[in-house]
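So, here's a batch of structures to check.
Below are two complexes that have chain A in common, paired first with chain B and then with chain C.
Take a look at the complex of A and B:
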């Protein structure tokens, strides 16, 4: 299973990014880590070039909301059926309720949304979802 | 005739040719009524006769460069990587096609020197199908090369005549792998130079390989500090008669996702020159939203663009500098955006350096930084009036 991951937008949380990469590799995923400060377009293009099964975007400073608005448009330009779109981290600037955030991001085009969820819990859910998809 | 022990270096451009010896460079306007060889011999026959064939070194950008069509499956990886390699191999004219849009794409009418097909890391499902073959039937090309994933290799090889297959330009970490394609394109460029009758004749005065001028300039950049007081990151602007080349520190690239072996990349503005491409330069200038404000700042009006005077040439060269900076700024969505806000030095070379004064260049760069970037300070500007960059590059390539 291949995963493209990275931190979206003007966000330089490189430690979290490395932890995600290490954790994914530990679970047997083939990881393509685009690093920090990554544009949404680059994530999509990386999925196309690698045939990734999962796109896992992280965001720590809450900027993801602004960067995710074009996701549906970008997805519509390519055949990305079967790719699991996941976002996790701190998904809002300031206080926000999970029951508001999750539907918002799902409307942007993400299949799984993890707001302030422990990394391993999130990765367990991704693995379960992939097993269900197979 | 006595033999001179030094070297004679010759650069053949589309508008000028220049000859350098003993640290001095002279420039001559091309006589378009005769071929390059006769022109060089007529103007400099005497000096050439003083040198042995193996002491004469020639580079040329007068062959017009190769035209390239790049077909890739994504803009930011396969197309971007192939474009980067092509520019750094001396290719001037590049068109790109995103494979997902191939059904609606109109094939180019002119003959393409080389088609490059790229896409995918090594082990992926098939990315190319019959739509590519149908499209290629409509394209007239001289060479075609595949540098994409392993899965499609057999399918394309058995369906495309004379397809050259090289290693994938995308490695399994999604990084660029440039060596094989770069070597292939550089050789193609060399063969093109040699194949051109006019250039071929120049081998009667030199026994050394004739290189492309952009390649020569690029080779000098790591040692530019030995010539000038430049600080990284810097930008070299080479405005010629037909095209404008820029060479830039890769640290300047916004959203840099390419890690190449070289720290300096090249980009060509194929229709930005002050003689052969004058019309398209004027057209480009008139379509820029800031041009009238700029002309006003230079205390002229748009009528100057139609004049054939030294003042008009000066203004056109200033406009060319402005347009180059504008097109690589974040205001433009072209191939590349550079972080001009962290730029430390601008080095100006090429024909423009013989015409513009330090004040002319300072003025235009100041306008750009003030108007577009809202900066009060500008990078240090160095003018390479004696073409020392080219001379250094020649020495690097033909290492003495």
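Take a look at the complex of A and C:
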């Protein structure tokens, strides 16, 4: 399974990004890590280029929402039906309720949304989803 | 040729008009007290230097007064982030706002905006060496102004100011821009006491393997000496293991001299700088004091030439001048009561670290490129030099480190770093993941001081 990952927007928090890469590799994924400060268009380009199964976007500074607005538009331009779109990390600036955040991000076009969820819990859910268990 | 380049670089609308003859005259006659190279030579204690910088002249002046009262040895001048990224227009706007409102709209001193004529007044007033702290890949104009102001220590380098700070600034350009910096420092070093260059060993301050830290220190030293710099400081930050700090310092001192001599720079003076803990700090301020104190003890044990301090407010943001000055006086207090410390070494550990450093250095020198900077550039591109947790796209990020049970940082995976199987086996033999996943170990190991 191929995963494209990276941190979206003007966000340079590199530590979690590296931990995601290491964890994915430990689980046997082929990882294409675009690193910090990555724009949505670059993620989509990489998914097409690598024929990825999963796009895993992360965000720590909470500004991911502003960077997600064009996702549905970009998805509509390319045939990305088989790709699992995932976003995780700290998905809002300041306090926010999960039950508000998750529907909002799903409406932007993400299949799985993890707000302040433990990394391994999130990766388990991704693996189960790929196996069709969920 | 070079002088033409300097005229082009310094002819910039955002700063003073340059008068090179006047600047050379100023440096020739400058007080010896402004040169850290002179202070290193004539001092028998560890020099204490804090960090710090504010947008306005008045606030930096006040900060320096506090530091002076606290018994500081070396003053810092930390530059704001816009200037570091060569955005002088934004620095200028934010300085104006800071001056009008008393709010600090910049996280440091916009040296280029203030210019050298103004800054020099402050520098000569305090008559104490000042160290320029920045993080700039293209520091050509910045260091011209620093040196013209009387700031005679320049921190940084093409690797240590790039890999931890930038995602995609071109590394080859950084090498060429820093070559300019070295040449200017070397040129002015002929006029009076030498200008000191200092490398930035903490790198990303996150589980950095000592072997790679030392290799990068040695290479930036050689790149600087190659251009004629005569006074250089290698540095590293507290690793989290007292033993590893001692081993690192013994090895870096030995190898810095060895490689400098090997390349024909036996006349160059080399110093060791120790950074108090650069990782995440506890939120309990008494715990922070305790951590800082431990750092100071280790700096004494490793016989550093200079220590760079942190403050008890590290977990909360930029400290006030008073809190910052307090850290200086506390560090001086601890240094003063530590006399006649034992010489400690660990033969097996030093042998292992020396072998790893020598093997990596050999691989760099075996690169077929025609100049040292190109060899180093290729080695970073190939992953021969690879640092954990760099945001830069050129860094390969294949090597993985964890702590052993005594908090020594060990290679878990070497990636393309050419350390021998024997050394890797030695490193791995010390590791015990204790039934937790690798990532759980790494998260724990990053946060040991919390």
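Convention: the second predicted complex is superposed on the first by the 132 of 134 C-alpha atoms of A that agree within 3 Å, B and C clash if a C-alpha of one lies under 4 Å from a C-alpha of the other, contacts with A are read in each partner's own complex, and residues count from 1 in each chain.
Definition applied: a residue touches a chain if its C-beta (ideal position, glycine included) is under 8 Å from a C-beta of that chain, and two chains touch if they have at least 3 such contacts.
Computed from a predicted model, the values in this text were never measured in an experiment.
S.K.: So, A:119: does it touch chain B (first), chain C (second), both, or neither?
M.R.: second
S.K.: With the two complexes superposed on chain A, say which partner A:36 touches: chain B (first), chain C (second), both, or neither.
M.R.: second
S.K.: Can A:15 be said to touch chain B (first), chain C (second), both, or neither?
M.R.: Second partner only.
S.K.: Once the shared chain is lined up, is A:50 touching chain B (first), chain C (second), both, or neither of them?
M.R.: first
S.K.: Pick one for A:78: touches chain B only (first), chain C only (second), both, or neither.
M.R.: first
S.K.: What is the shared patch of chain A, the residues that chain B and chain C both contact?
M.R.: 37
S.K.: Inside the complex, what are the residues of chain A that reach chain B?
M.R.: Going through chain A, the ones touching chain B are 32, 34, 37, 39, 41-42, 44-46, 48-51, 77-78.
S.K.: Of all residues in chain A, which touch chain C in the complex?
M.R.: These residues of chain A touch chain C: 12, 14-15, 18-19, 21-23, 26, 33, 35-37, 119-120.
S.K.: Once bound in the complex, which stretches of chain B touch chain A?
M.R.: Against chain A, the touching part of chain B is residues 73-78, 100, 119-121, 124-125, 170, 173-174, 255, 257.
S.K.: What residues of chain C sit close enough to touch chain A in their complex?
M.R.: Answer in residue numbers: 167-168, 204, 206, 388-391, 393, 397, 400, 437-439, 442-443, 446.
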